[in-house]
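These notes open a run of structures that come right after.
In the two assemblies presented below, chain A is common to both, partnered first by chain B and then by chain C.
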Partner chain A sequence: MEPGAGEGSSTDDYESLISTTDAELLKRAWRNEKAAPEILKFEAALVQRSRQQIQLMEETVEEFTRNGVDPLTVSLYQMDLDRTLFLLRSYLRTRLQKIEKYVLHIQKTAELWNRLSKQEQKFAIRCVGDLTQHLEQSVLTKLPDQYQSHLKQSGASENDDMVPEPKLDTYIICRSKKFLGAFQLDDSGEEPVNIEADDLYALPYKSIKPLVESGQIDLV
Partner chain B sequence: MAASSDSQASAFSAAELEFLAEDEMIEIVPNMRMDSLNFVSGDFGPFRPQIATQVPLWLAVALKKRGKCMIRPPEWMSIEKLTQVLEAERDSEKFQPLPFHYVEISRLLFDYAREDIQDVYMVRSLIEDIKDVRFHKIGTGLEIISRERTYALRLKNLSAMEANIVRPFVTRALETFYKLSSPEMIQESDHLSNRQPQVTNRGPRRQLKDR
Partner chain C sequence: MYGKKASELVKEFVSCEHGQLTSFNNDLFAQVIEECNGHLLHLQPLMRKIQEHENKLKDNRRSEDETAISEDESRKSEADTIFIQTAMKSDQFGALIHHLSLVRNKRCLMAYVYNRAEVIKSLGWVIDCVLPEEIEEKLSSSEKEYFKNHAATLQSYMSELDLDLTVDMIPPKDPYIKVRVLDDIGEVVLSDQVATLARNAMLFLRRTDGEQYISQGLMEELTG
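And now, the complex of A and B:
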């Protein structure tokens, strides 16, 4: 698979895609990543485009400085560049923090693993290596046989019960740009929630997860 | 507000919310001449003396700091509009519509463009009052969570800062109620006993049931 296997957001939101700038999309990706409990799909195409734009802008600023363009203009371009850089860095950093936190869970769940970029996968592998080595050296090898796994509480555990996982039933606050109509929260037979445009809702993350992934709803 | 830096509990810090608010558009009247700016975040300008133009707030503030423009406060920041909002806010249980980033925008303008706001003291105190009324309402409004079974909460017209402040409490409260009322909670309570994290949740549940 290609880095993150991401062709950006799916085609369903084509209309809003062409009317939205990359700066806007990056901001949305950053917000969603910060507010979602689990790691989201790496926005490969968007990150690549943003990188290119940043590089282009850096060259422009250099050129301006060389050609003696009015320092005010240069400093404004620099500010705009700094804002974009901040967004991109914070986006990548938020992801790394999540990877560090849930690395063992991500590694054994193919769906999550494929959400990472190539570089993030490399980072995750190194992370797992270091973590395992550290746990073994400092504690595990000194414990009885039954208790030497870094994934299980003891040999008697059927599942890997020492692997931290994100809590998907966490509540999040979200907002939709469009009227989404009656939305069934889960299969518990509760009344559906009417999701209106531009209103804030506190909902369980797992029930609106598909809407976040398809870009219909934004986390705030 | 002090607790808003806890990254787990509230997703955004106050500084990050301000960063987002700085992208909101605002009208400025430049006093200098400058070509269009083709930024990553969009194209702005050209700038001509005395000709009003729309720019993001961060750009307006940057120009203002250098004495290159006057900022036109948004319409909702007039005494007339704010008085209306405050009255409506006091009369009704509902939240009045205000810009999503009204707290941050007004704060930035008070900090950097005081002289561009007419009757700045009055405007400031009106906004403070509105904020107070709304926060009080949030407090009393949250009681609804404990009164009825709440799975989803609509926070109509709540602003970014307000939502961020109530986030830790609201999300945790809803989460707890959600867990307590789920059928699995009752069925699985035996086989959950070997998992520690859930144990704490079982205590209160029993109590609620017995009453």
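And now, the complex of A and C:
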């Protein structure tokens, strides 16, 4: 590293460069997805790029092994590859598990539905089909006419009152990279929270939802 | 007491350890369903009665409006109205009780089936398509079907993506792991070598190769 005055800015550059690599972005997407109670927007472009990189890395590793490059180097590449693969798999897996759990809610909420990828939507549709068939066979067809809906408790309910939904007011741990200033949590008249850079906060997910969606705050 | 059996059903699910299943309680389940239908049998005549009362009240009011009647008669019809109203109220509350009990039973039944389904879903991630016998015998026939359907749904998603999501369940520390083979598997092609997997052999192999055998219980990972 260069000595003297340039040092401060070059570490900054390095950090900002690191934090925008796809590996880092994927890690962030994965962490957010893991911590958020509801399903977040599918990072289509990022996933596609990551998959291309994985393929590239696989080819590199293969080539190295063929050309007899130092096994240590190969194993380092392999390790990096494995980690990226794990991130990607875990990311997709976490999303699927959320879909499995809240499929009925996701399906009837257009906003959530549009957050899924094409394949995930297909998956969700089949999920709903399987689940309703199972519920109907086991319970609903054996009940009186008025009580056969899997969304409503009875014909008398106006809204769907039997759909499992994620609990949006659970507390999550979050951290912001930038100073965001005073942030009003909700309408209850409590004092606004000062969100400082790199400090950890435990806040209800519901109140910081817009910050998560706009990428200003990261979940941990 | 109404709703007691249904709550027993739910308690039974809660009392077993997280992520595990007890046998599907067909007996109790059928009893709760029966109770539901019993409620309906009570509910229907009550609803009919309420309807009758309402009609009668309407008739009374109409006749009051139409004919100018003497004070004596009007007092009589007023008493009549109050009498009908009280009777209707008691019927309404009766109906409400049966309705609420039915809804509660339904919720319990659904909770029982739904939560079991969640466990079954989570099994889909660790087992490929074929359930071990000791789990299978605990499921109802519809649950078995559900497992099969759901596993197929999961498979089709993964094949569309061309990415197996059931491996790599824990973050990798090292690309290679040390394992002990627990059964005679014979010769297999691993991604970087061809190996003969005999019982009790110890091997150093790629994590991704080993994981499928570990999840099938054919290998165990040696740590430390």
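Basically, the second predicted complex is superposed on the first by the 201 of 220 C-alpha atoms of A that agree within 3 Å, B and C clash if a C-alpha of one lies under 4 Å from a C-alpha of the other, contacts with A are read in each partner's own complex, and residues count from 1 in each chain.
As a working rule, a residue touches a chain if its C-beta (ideal position, glycine included) is under 8 Å from a C-beta of that chain, and two chains touch if they have at least 3 such contacts.
Every value quoted in this text rests on a predicted model; they were computed, and no experiment measured them.
Partners chain B and chain C fit side by side in the overlay (superposition on chain A).
Looking at the shared chain after the overlay, A:A29 reaches neither chain B nor chain C. Shared-chain residue A:Q53: touches chain B; no touch with chain C.
Of the two partner chains, neither chain B nor chain C is touched by A:C174.
Of the two partner chains placed by the overlay, neither chain B nor chain C lies in contact with A:L104.
Using the contact criterion defined above for the overlaid structures, shared-chain residue A:L112 touches neither chain B nor chain C, since it reaches no partner. When both complexes are overlaid on chain A, the residue A:I217 reaches neither chain B nor chain C.
In the superposed model, A:L185 makes contact with chain B only, not with chain C.
Contacts of A:L40 after superposition on the shared chain: neither chain B nor chain C is touched.
Applying the stated contact rule after C-alpha superposition, one finds that A:M79 touches each of chain B and chain C.
Put simply, the nearest alpha carbons of chain B and chain C end up 6 Å apart when the two models share chain A.
The intersection of chain A residues touching chain B with those touching chain C, taken from the two complexes, comprises 75, 79, 83, 86. Those residues of chain A lying in contact with chain B across their complex are 21-23, 27, 31, 34-35, 50, 53-54, 57, 70, 72-73, 75-77, 79-81, 83-84, 86, 161, 169-173, 185, 188, 190, 193, 199-204, 219-220. Taken in their complex, chain C has these residues touching chain A: 33, 36-37, 40, 99, 102-103, 106-107, 109-110, 113-114, 117-118, 121, 125, 140, 142-143, 145-146, 149-150, 153-154, 156-157, 160-161, 163-165, 167-168, 171-172, 174-176, 192, 207-208. Of all the residues in chain A, the ones that touch chain C in their complex are 51, 65, 75, 78-79, 82-83, 85-86, 88-90, 92-93, 96-97, 100-101, 119-120, 122-123, 126-127, 129-131, 133-135, 137-139, 142-144, 147, 150, 153-154, 156, 162, 164. Of all the residues in chain B, the ones that touch chain A in their complex are 11-12, 19-20, 22-23, 34-35, 37, 39-42, 58-59, 62-63, 66, 68, 151-158, 160, 163, 167, 170-172, 174-175, 178-179, 182-183, 195.
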